[in-house]
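Next come two complexes built around chain A: one with chain B, the other with chain C.
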Partner chain A sequence: MSGRPPHDHRSLPTEREPTTASKDPDTDERLDLDALSELGDGTGHTVSVEDLSAYYGDNRAVAGVTLTFRANEVTAIIGPSGCGKSTLVRCINRMHEEVPGARVQGRVLLDDEDVYAPGVDVTAVRRAIGMVFQRPNPFPTMSIFDNVAAGLRLAGVRGETLRERVHRALRAVGLWSEVKDRLDRPGIGLSGGQQQRLCIARTIAVEPEVILMDEPCSALDPIATLKVEELIDELKSRYTIVIVTHNMQQAGRVADSTVFMLDGSVVEHAPTQQIFTNPRDERTERYVTGKFG
Partner chain B sequence: MQEIRHQFREDLRELERQVLGGMDLVAGQLDRAMEAVSYQDVELAAIVVADDDRIDGRYLEVNQGILSLLARQAPVAGDLRIVAALLHCIRCIERMGDQCVNIAKLVPLSGHESPKDKEILDAIERMGRLARAQVMAAKDALGGRNVELAQGLVRQDSEINALNRGIFRRAVEIGDDLELREWGMFMILVARCLERIGDNTVEIAEQVVFVVTGLFRELAGHGAGGEATLS
Partner chain C sequence: MASLSPPAGRRLLSPSPGTARRKVVNRLMEAIATIAAVLAVGVLFLIVIDVAIKGLPAINLDFLTHNPVPFGQTGGGIADSIVGSAILIALATLLSVPVAILIAIYTSEFASPRASGAIRFALDLLNGVPTIVTGVFVFGLLVVGGQQSGWAGAIALGIVELPIVARAAQEVLDLVPRSLREAGLALGLRRWRIVLRIVLPTAAGGLITGAVLGVARVAGETAPLLLTSSIWSDLSITVNPAQAMPNIPVKIFELSESPSPSDHAQGWAAALVLILFVLVASVIARAAQERSRRRMRG
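So, the complex of A and B:
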């Protein structure tokens, strides 16, 4: 990681020592900002989707979408069930094609590289574009440590470096003080909110360039949700984040810009404030104000 | 497409009805305050002062309702704009009510049988009628989301402003009769209250434009005259 530009701490809250933890693990989630700043290269990468269509058999779920997800920003995708928002993000890291009968047309660019170009290593794409899912899905038979280490081991990281990077990822998501004494215990023994942050740690441990989140808080309680949202806000200084959410208030809280999708198409993509105060399109207005279900 | 959030919509409509009704209360108070000025009716003036509680009560009700709606329903987009506008408008209504009280309180001070100047009194009465018309126009503009009517209010308001200046000039030149001069000074204060009521209707008109367009524009010539948008 040499040659990485120094991270600017000025815009971030004061660092707190994780070892000064209070006794209640659920009230002590402190982000270790040093750990965070050591992750990723901090420059951010842009994802562009060009005329993207995605199909399940003959059913077109995404219909000719063109969008740019800007670097170091959180972009939220909102829309009713079945509007294609989850399918769209699954196309970005080539997960859509894992579904039998599914196919994709159009281009997805990570900076200038087409992730669908012939000869591109799909595993490398998924390492560069990490994904966090709706339900926390730690590997059930693995310990907390191994859950975070899994992706790193696949990438050939071993020994002390592995240990350091796992610890750093756990610190970056504010889990370190809660799990440091039980790293060898099963990941599924953690609370739902902790499991989801464990999954985020697993995602950022391999130092991706983009993080996709598909309803990352829908299985969490409100406090765990707010902690994950706070983490998202911190992570955006290092990564480009795309979050699919059913929760419009969540989009309002975390996203810099918001995309409203309907029937596989983008209706409106605008700064979040505009979407929630003065949307340009009547359909966006009707959706965000709950005038149709 | 099927409309959902019925209770929220009904609550929002009810809050708007309360605000629109608040402007009727102002018009009623203004009518009586002006009558008290014209006929030097001290008792009527006292009723105006006492009745301000109704407008203050309306202000508190709407404020409470809006806080509850914000906390429980998290309105957005057009709904958020109308909620923000209602909060602003009810404040204007409360202020207009206070101006009616200010006018009423001047009635006993200006003397029982004081000499009057017809020119000033005519101008004051005309200002009262214009201010009332503006209150009703502001109500119709808000209720009907009528941007044109809202913008027309600014032109109307300039007439009130001109009358206000005219009353001031006339009162300064009114002559040597001490009592008449004193009455003239009180009429300057009444005119000032009416002018402020006009300004408040213009503020409501600005909120109407904001609700409809999402743009906030100062319609009157006061202030920087800039335009801002929430987005």
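So, the complex of A and C:
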């Protein structure tokens, strides 16, 4: 490493001009596709859910669902409040079982491995399947850098590798130029949209294979929403993405295929265009045309 | 159905019958509530001012830095008691605060809601145990058959301090939003890591406040020390907890029992020192509490 000045985590000594970049029309922030292409292992991963039921005590929230989420695609799950879409998604990364009294039946397969198999390390499951929540939740006592590094650091990554991965994640979500001069400032000092992108950076820094998003834009303003949606569109080249949303227009914008759920069951799962223009089930048709929900 | 328009002959905005009487009752209730509040604050001021008036004349640098003089002489100070109290409080805090925080972590992170509730209740009960009973308990455990010691005193104080710090810690750990823990879990972090690196740092301000509140409370506790650390022969600074350690509350008691008026004056002065310490500690704790509450909301 001769000739390069000593690293500090505040800036890289040389910053490559991205050769391929998409421009966000509202600022000149560029989503760094090169950074994105360095993430992940290059192969797509499928998530399948087999006869999955989820309970809160005696209350069944998800009833025998079988679904496949295709690799490197965005699948949206839509449905009225209480239909079980958030619960379903939380079963995929085994967050549902953290609720006292909650239980799960059935299988969830990442490629061909059941995440609920006995002997499986639940923290490894969650490192492979990341989650972004509805309200941005950066750690308040940590700086921007430490937030993105949290998952890495507390899993043993240190030093130069750590810095590179944090920088890469920030560039991949398009936050780099906004925060590169204040990486040691508190993470909660950012705007809502920036905080959410920070949380996404934190999630992809641990290099998962699947990203689950539970209404990631519902707490954001429309411009921040658009930025996050654009990011989702870029991320799918590297990850399999499942997004829960109550906003049907959003599903129409970002999702390759869409699942419509009602009362804990899947009513229909089809390419997004089809769900919205030519649904097979009458209930789907009534929901997407706004007759209920 | 009563009409909402004013009866004939009255204008729209004129007062309804009985308004005058209601206004008087209102003012009266306000006055009574205000007097009650003033009384409560007033008692505090009365105590502080009274102690200050009686104690200030005897406070000087010598008083705070010199040891007591032998019986019969005048002069001297309470330096040994100040040091002794400081050591006793420090030991009690070192013993009780880590345990209290661990209890709070257990009830907020790992325990079932029922176990949590039972532990909270037990802590509240412990908080209500009369301190003389705690003193007798430790006396029977550690002093009988042996001798008084600073350790016994510190343990007795620690038992008094524990539920205060533990309850305060529980309150503040419960305030840490669930979403932070979820974020940690979703990253694949283990429970203990999440507690140590995310939850505790977020709650740090409130935890320190709880500890300060505990210190403020035990600084003035007399009964636990009366039986465990009240008979000391040396008139000089003791730092060895294996012996009984001089301390301010017991010293005040001693000075008040003495026939000599100069001892009485010193007793008032010692009381002033004690109450000032407790007041300052409480104010600091309250200010820190407000700050950390504001930060967690924001």
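Everything below uses one rule, namely that the second predicted complex is superposed on the first by the 265 of 293 C-alpha atoms of A that agree within 3 Å, B and C clash if a C-alpha of one lies under 4 Å from a C-alpha of the other, contacts with A are read in each partner's own complex, and residues count from 1 in each chain.
Please note the rule applied: a residue touches a chain if its C-beta (ideal position, glycine included) is under 8 Å from a C-beta of that chain, and two chains touch if they have at least 3 such contacts.
Since we're looking at a predicted model, the values are computed, not measured.
Engineer: Once chain A of both complexes is superposed, is A:Gly151 in touch with chain B (first), chain C (second), both, or neither?
Structural biologist: Once the two structures are laid over each other on A, A:Gly151 reaches chain C alone.
Engineer: So, does A:Ile200 touch the first partner chain B, the second partner chain C, both, or neither?
Structural biologist: Neither: A:Ile200 stays clear of chain B and chain C.
Engineer: Classify the contacts of A:Leu262 with the two partner chains as first (chain B alone), second (chain C alone), both, or neither.
Structural biologist: Neither: A:Leu262 stays clear of chain B and chain C.
Engineer: After the superposition on A, what does A:Arg135 contact: first (chain B), second (chain C), both or neither?
Structural biologist: The answer is second: A:Arg135 touches chain C but not chain B.
Engineer: Hey, is it chain B or chain C that touches more of chain A?
Structural biologist: In the superposed model, C touches more residues of chain A.
Engineer: Examine A:Arg127 and indicate which partner it touches, taking first as chain B and second as chain C; both and neither are also allowed.
Structural biologist: second
Engineer: Return first, second, both or neither, reflecting whether A:Val210 touches chain B, chain C, both chains, or no partner chain.
Structural biologist: neither
Engineer: So, A:Leu231: does it touch chain B (first), chain C (second), both, or neither?
Structural biologist: Once the two structures are laid over each other on A, A:Leu231 reaches no partner at all.
Engineer: With the touch criterion stated at the top, can you tell me which chain A residues are shared between the chain B interface and the chain C interface?
Structural biologist: After superposing on chain A, no chain A residue contacts both chain B and chain C.
Engineer: Please output the residues of chain A touching chain C within their complex, sorted ascending.
Structural biologist: Of all residues in chain A, those touching chain C are 93, 95, 98, 100, 123-128, 130-131, 133, 135, 137-141, 150-151, 154-155, 188, 199, 202-203, 206.
Engineer: For chain A, which residues are in contact with chain B within the complex?
Structural biologist: So the residues of chain A touching chain B come out as 248-249, 252, 270-271, 273-279, 284-286, 288-293.
Engineer: Where on chain B is chain A touching in the complex?
Structural biologist: 1-5, 8, 74-81, 214, 229-231
Engineer: Which residues of chain C touch chain A in the complex?
Structural biologist: Touch list, chain C to chain A: 112-113, 177, 179-180, 182-190, 193, 197-198, 201-202, 204, 295-296, 298.
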